[in-house]
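The structure that follows is given in the form of structure tokens.
Chain naming follows the written order as A, B, C and D, and within any one chain the residues start at number 1.
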Amino acid sequence: MFAEIKSINDECGVFGIWGHEKAAELTYYGLHSLQHRGQEGAGIVVNDGIELNVHKGLGLVNDVFKDAKFDQLQGRVAIGHVRYSTQGEKVYENVQPLLFRGQTASMALAHNGNIVNAYKLRGRLEKQGSIFQTSSDTEVLMHLLKRNGQDVNEETIGNALNQLVGAYAYLILTKKKLYAALDPTGIRPLSIGILGNAYVVASETCAFDQIGASFLREVTPGELITIDDEGIKSIRFTASNQRRMCAMEYVYLARPDSNLNYVNVHASRKQMGKELAKEAPKDADIVIGVPDSSISSAIGYAEESGLPYEMGIIKNRYVGRTFIQPSQELREQGVKMKLAPVRGIIEGKRVIMIDDSIVRGTTSKRIVQMLKDAGAKEVHVRIAAPPIQNPCYYGIDMSTRDELIAANHNIDEIAEIIGADSIAYLSEEGLERAILKEKSLNQGICMACMNGKYPVKEIVEKEVVYSS
Amino acid sequence: MFAEIKSINDECGVFGIWGHEKAAELTYYGLHSLQHRGQEGAGIVVNDGIELNVHKGLGLVNDVFKDAKFDQLQGRVAIGHVRYSTQGEKVYENVQPLLFRGQTASMALAHNGNIVNAYKLRGRLEKQGSIFQTSSDTEVLMHLLKRNGQDVNEETIGNALNQLVGAYAYLILTKKKLYAALDPTGIRPLSIGILGNAYVVASETCAFDQIGASFLREVTPGELITIDDEGIKSIRFTASNQRRMCAMEYVYLARPDSNLNYVNVHASRKQMGKELAKEAPKDADIVIGVPDSSISSAIGYAEESGLPYEMGIIKNRYVGRTFIQPSQELREQGVKMKLAPVRGIIEGKRVIMIDDSIVRGTTSKRIVQMLKDAGAKEVHVRIAAPPIQNPCYYGIDMSTRDELIAANHNIDEIAEIIGADSIAYLSEEGLERAILKEKSLNQGICMACMNGKYPVKEIVEKEVVYSS
Amino acid sequence: MFAEIKSINDECGVFGIWGHEKAAELTYYGLHSLQHRGQEGAGIVVNDGIELNVHKGLGLVNDVFKDAKFDQLQGRVAIGHVRYSTQGEKVYENVQPLLFRGQTASMALAHNGNIVNAYKLRGRLEKQGSIFQTSSDTEVLMHLLKRNGQDVNEETIGNALNQLVGAYAYLILTKKKLYAALDPTGIRPLSIGILGNAYVVASETCAFDQIGASFLREVTPGELITIDDEGIKSIRFTASNQRRMCAMEYVYLARPDSNLNYVNVHASRKQMGKELAKEAPKDADIVIGVPDSSISSAIGYAEESGLPYEMGIIKNRYVGRTFIQPSQELREQGVKMKLAPVRGIIEGKRVIMIDDSIVRGTTSKRIVQMLKDAGAKEVHVRIAAPPIQNPCYYGIDMSTRDELIAANHNIDEIAEIIGADSIAYLSEEGLERAILKEKSLNQGICMACMNGKYPVKEIVEKEVVYSS
Amino acid sequence: MFAEIKSINDECGVFGIWGHEKAAELTYYGLHSLQHRGQEGAGIVVNDGIELNVHKGLGLVNDVFKDAKFDQLQGRVAIGHVRYSTQGEKVYENVQPLLFRGQTASMALAHNGNIVNAYKLRGRLEKQGSIFQTSSDTEVLMHLLKRNGQDVNEETIGNALNQLVGAYAYLILTKKKLYAALDPTGIRPLSIGILGNAYVVASETCAFDQIGASFLREVTPGELITIDDEGIKSIRFTASNQRRMCAMEYVYLARPDSNLNYVNVHASRKQMGKELAKEAPKDADIVIGVPDSSISSAIGYAEESGLPYEMGIIKNRYVGRTFIQPSQELREQGVKMKLAPVRGIIEGKRVIMIDDSIVRGTTSKRIVQMLKDAGAKEVHVRIAAPPIQNPCYYGIDMSTRDELIAANHNIDEIAEIIGADSIAYLSEEGLERAILKEKSLNQGICMACMNGKYPVKEIVEKEVVYSS
């Protein structure tokens, strides 16, 4: 359903907990708060001390677990996963965590990110007799880990991770330990929290707030965390690079109440709006934002510019997966779906409309038209991030370069295509200022989709067929 | 699920359309936009020119119609209804529209409001041999209409309506005509729109925007509208009083993008926030609102006061009816459900928290505590409406007087109970200024739940057992 | 799904119990055993001593009650109903028991049969102001009962029943009493049983066996039974006629383990087979029956003739409502659905195939063809009842006269049409001998669909639009 | 639901088709006819010429495929599987066919039987780095096949099969070929049929009748069949032994209309009844069978003995998985579930009750009691097979030896325990006579569960943890 609004989609969120009697239930609530990171499927693997047990399925967290019997998911340790839906691969097998049943050692994996060299590694493994049951790149790590039936420990995990190229945040659960690993560039988010005596790991800190846990620290690039009843241990499996957290996490993907790498997402968005107001001011009557992700930047723009912020577009909360899409005929007659203009606010006004990104331009065009139909005198589009011109190889599902409007058109053309009276984007510097508290040697952001500077070297585009 | 947040609940929304090939589908989209007015059940009756056919069921509009075959709901005329869920009466029979099948004349009814003398009328009818199949007060009108097998027309409808006391917006569908009627005081909203050659009637104008229709005019107090292929006709079935639209529609119930009696709901809420900032200012760091209904007034308060508006509380969008409620134990450990604080925003701040009402106080207490747990230095509660001290007899399901915190405690006690550092309510005058563009002889609002001035005289509290 | 096999369908079964703590649950089990009498919908009304509560829905008993909370259906008295599905009227409203809510007296009705003059009565009632919410003829009795708001008691019920013409077995539940009534000719079955101190009433005695109750006696024609805590009471609301139990109940509709009017159904069917063997012998290798209803008569035929009975046709037990019907193309290629031949038995044999009836002939033709395809050398069809040549007005849904093969073709033509090597029917006298233990003044059977002798005089065919 | 009646359960059925445009649909109908072999889950893998695609799930065939889109399961080749439910392993992962996705070669497996040395093989494979995702022994073959990334062909399949010990019927689907293999002793059934130009393979011939296919021949012990567009090819992967088809397939498991190894199941059962009548005659009034599997043998007993066969027990056809089980209290009061006595038949009679087996004796005891409660004067139990005294290691889920009544009690004790007036079993010789047309060197049956003569040597009881 997001597809109507935006063609950017995150791929997955992970959650893990060690040392709480209600591990599976807390994972359920944690996954709930990470639901925005993936709506295709969800799952939990719990360690009951004897065996790893799994409950997973296609659908939203609520749907998957509505008939779950948590009394059959007993245990003090669990990991969970929410998965984003890509076309054609929406199959149960790919829902994570992946559970591998071994006579001596079972094991479960949950993954957020994208392994750039997965295709190559998988080909090599298959030639050696490995059998794959999913089309997920996550399974590759499992086979690397168990090559020759070796033990799973810090060393073997480190060796296996060093064969992977890409962006990843991994949770690995064995009967004895919970491991958390972040790729050497730290593109995807992964944080550690504390809940009483229990340790919690999650893609976003909002999961900590959801269950009443406190933030402890970030997992750092190239770090492998080991958690067991002895406590928490850290090694580096590789030399760490400058961290380059994905800028789109701040711009669009993460929940506003999360802190990513110590920076609050809502605050960074509001600051994007402020920077944008400085860079691209405009005389107008009101400032509005496209719900939900652009509300914060719209408020920032309004505050900086002194113009009133208004609720010019409303989002229908009850639109769901069972919603019957209006026919083309009815749509042309004006039947709305997810977003509706507030005519009483818009009519006769010069509107500054804040959005966080333009991908193909079709949605923006529709929204601008909707505002004009509702009587807006002028619509000035302001995008709280630089233009998206390149595909992402690190776990975000964007359109191909051919479809990216900003890769194929200059700013005036874009304004014309979407029907805006003017358009302006935030600069790269403005985005960096809004996100990074201080620019330092070990703190940076990945803006590859905007500026083409890919932080991980090996990229073979046609190989990228699987992601988690 | 609203019950967690608030103990005020609207009761029902109605929608009707005459003269469009896709009458049932458009009613479906219209009901969708009125979903916030009732989540218990939904239904559509369509006139296919030969017979009235019904599709209805318990649940959200999407759930009820997910398997509907609209090709079996052909016809150019339809009415629809969404119903609010009250405890214990959640049965299929009460879902509207009610359809009565007659050999010579079938008929359907959809109703928003509450008939104060329904119990008395029903008793009298039963003694005369009338048989009731629902516990809804809506059925009473049907029996009044058909007494002695008389024809249904403007005159007989007017006579029947004149026996009703209370607040109501009625849609009546026969094979030949669509009638819309509003009670003599106009407490509940009802508007007329145009879509091409078709006429549309709805509880809120957001339904017009949803389907691309234009607003034509309000139905006025004591007016009976008749729509057929000849066009639209109006009579008065009683002398009209000063219109007294329910203030809570503006404060809490209606969608912000609707215009009620020519006043935009979001704009009125923002104005409530501004009036509140004037009446009850406070030195603080940030202004936040309780989602969703208090966001507009929080923005208004911020704008008037010059303090920054921040997104201090986030609402989990994926909480639904299948959500597994956390156990008491987990809740005490801090597991959140619907609302979560944005710690990165709240921490160390003096917060002005805008809410639209306090009913029993339990939710407010929980939210204030949540903010303090998230590190708020001070929490100053500002309510964008006067205290609720009396029950409503006109179609809103509030707690009884015993449960209303403001009926039993003064302002200092309330502050202490909910744990706020200070608390203030908007005055009645402030609320009137925010809603009414001009105070005139024929424009007023009903604030009975706040000031006890009931606009309809006959109230016998114990009789009020049924409502629609 | 029965439609494939047969075009005869029963219409409804009723069950009632007075005086057991688990009244609703026992009704559930009772309805379960009556499931063959109706698969469209099912419902239970239970009297909890204060109020009548209902749980009903469309679908099989299991489906309707799978989420039922029997702890919310407390009470010592209940009635239930299973309803047969007719095309076009498969709506929730028609599912019984019908519950009428009154301020002073609620009431529920369950009905098996057909009221011949329902249309006329309903028209008269509507003209007097009665409002109907269903298209079921059952509702007519309710309005007759409550005319002028009168009390419901033996006298008023008797008066109301005397206005009805047709075949009916009625259960009427008020807060104080449970009534059971049978039409003056006793066409439909209705028996009384005892379970400890409780009384049970049911359409078939198999419901007594299901719950461990013992048979007490039949309800007799024109009798009104009243059950309450004082015990059981009987009056006659009309002079009784000779009982004329529907022959098709024995031939096809009832469960073989039921006793109808003191005669076991399986035993009567086996006797039909024996009579048939005497009347229409044939030299052949094996005798087979069409499952399920013709197995008993096939065994009887085999026993009488000395030929071996074999299982020549098997019925696929897992065919259900979600079964995906094979396309025409696949069906022509030989894909079977419900019935399959046992090739190992049939091949090279001269087969006597026993069936209980031929309605339109299409199913018989398909079965004969199937046997021949499986290698049968000859197929001799023997029907364990006389030809069906007339419609039923008393509650069985048959085809119209135009469609009845035996109404339009002689026996040789029928054999040719269905592809049988020979065909023979049981005589009327043979059927009577098989069913009636002794032919007496007050014991007879209704064979109107076979011989056109309708036991109830008033029949106006076009009026017959509603049945239960 | 079978568990109530019997504690013997088959484990799985397989179906495959090569060369028909509607391969997936025909597999659906084929699986439907094999539904009695497994109700836990079902699946189909179809080869669309480019890729193998799977649709599978927990539940009955109808449930699993009710939302299947067969237009997305295009292809001329498919295999399918129905799986029996064992306690605790009822998970999606184990539902077959298992699909393994490889970059160069995908592959699917469907299996009926039990691999005796699966645990040992799996342990060895895991030590070499193999990763298992199911707890099914079927997965072992896959890993054996793909060791070292070798090609899958007749030779490698033969080598892999030669490492397996046990009873199995395997279907293996690659992109290019469909393989069918039977273990060296031929314990489980597997037949080949023809439908036009297409080849069909199935566990039972009833699947051929279901889709209109003709039987071609049996797969023989130790044979590997290869089917592709060139036609059908056969090799032997091992020297064949005397075939020892499982006797319980005839006695209880298979459908009566199937021919197993050229012998019709119904006919063999009827013959068991006749042999039993010769071996254990008894003066009585009627012969009855326990539905469904003992009806044939009861008819045979009746025919041989000259006593009348009667329908003394009826099976409730609508009992399903959603059936609410009666509480202990209600059961004690006599509420029946699946089987009900026909009182009108049983009362006052001396009854010979034919059943096919007694496992733990609890069900038999309940049925005998039920007959006595229904008025049977005497109940003489006759079992149409020898006593079951040993566990099965070849794919049938029986109770352990401790629970088998005949392993722990002599015949008089059993009669007393189940409350029968007398009891007798068929002899081993009688069973052989009934099943085998001629006793020859290469035709035998496995009666290990009766006589302890296990045809496969290697049996290590504790290893047997997985079966398919």
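FYI, contacts are C-beta pairs under 8 Å (C-beta built on N, C-alpha and C of every residue); 3 or more make two chains touch, one makes a residue touch a chain.
Model, not experiment: these values are computed from the prediction.
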item: Label of the chain whose CA centroid is most distant from the centroid of chain C; value: A
item: Distance between the centres, which are taken as Cα means, of chain B and chain A, whole angstrom; value: 37
item: Centre-of-Cα separation between chain D and chain A, whole angstrom; value: 48
item: Approximate Å spacing (C-alpha centroids) for the pair chain A, chain C; value: 60
item: Junction residues of chain C, two or more chains touched; value: none
item: Graph class of chain-chain contacts, one of line, ring, star, complete, other; value: ring
item: Chain D contact footprint on chain A (complex, rising order); value: 54, 91-93, 98-104, 119, 122-123, 126-135, 142-143, 146-150
item: Of chain C, residues touching chain D in the complex; value: 22, 25-26, 28-29, 32-33, 35-36, 60-63, 65-66, 68, 70, 195-196, 205-206, 209-213, 255-257, 259, 264-267, 270, 292, 295-296, 299, 303, 308-311, 314, 316-320, 322-324, 326-327, 329-330, 333-336, 340-345, 374
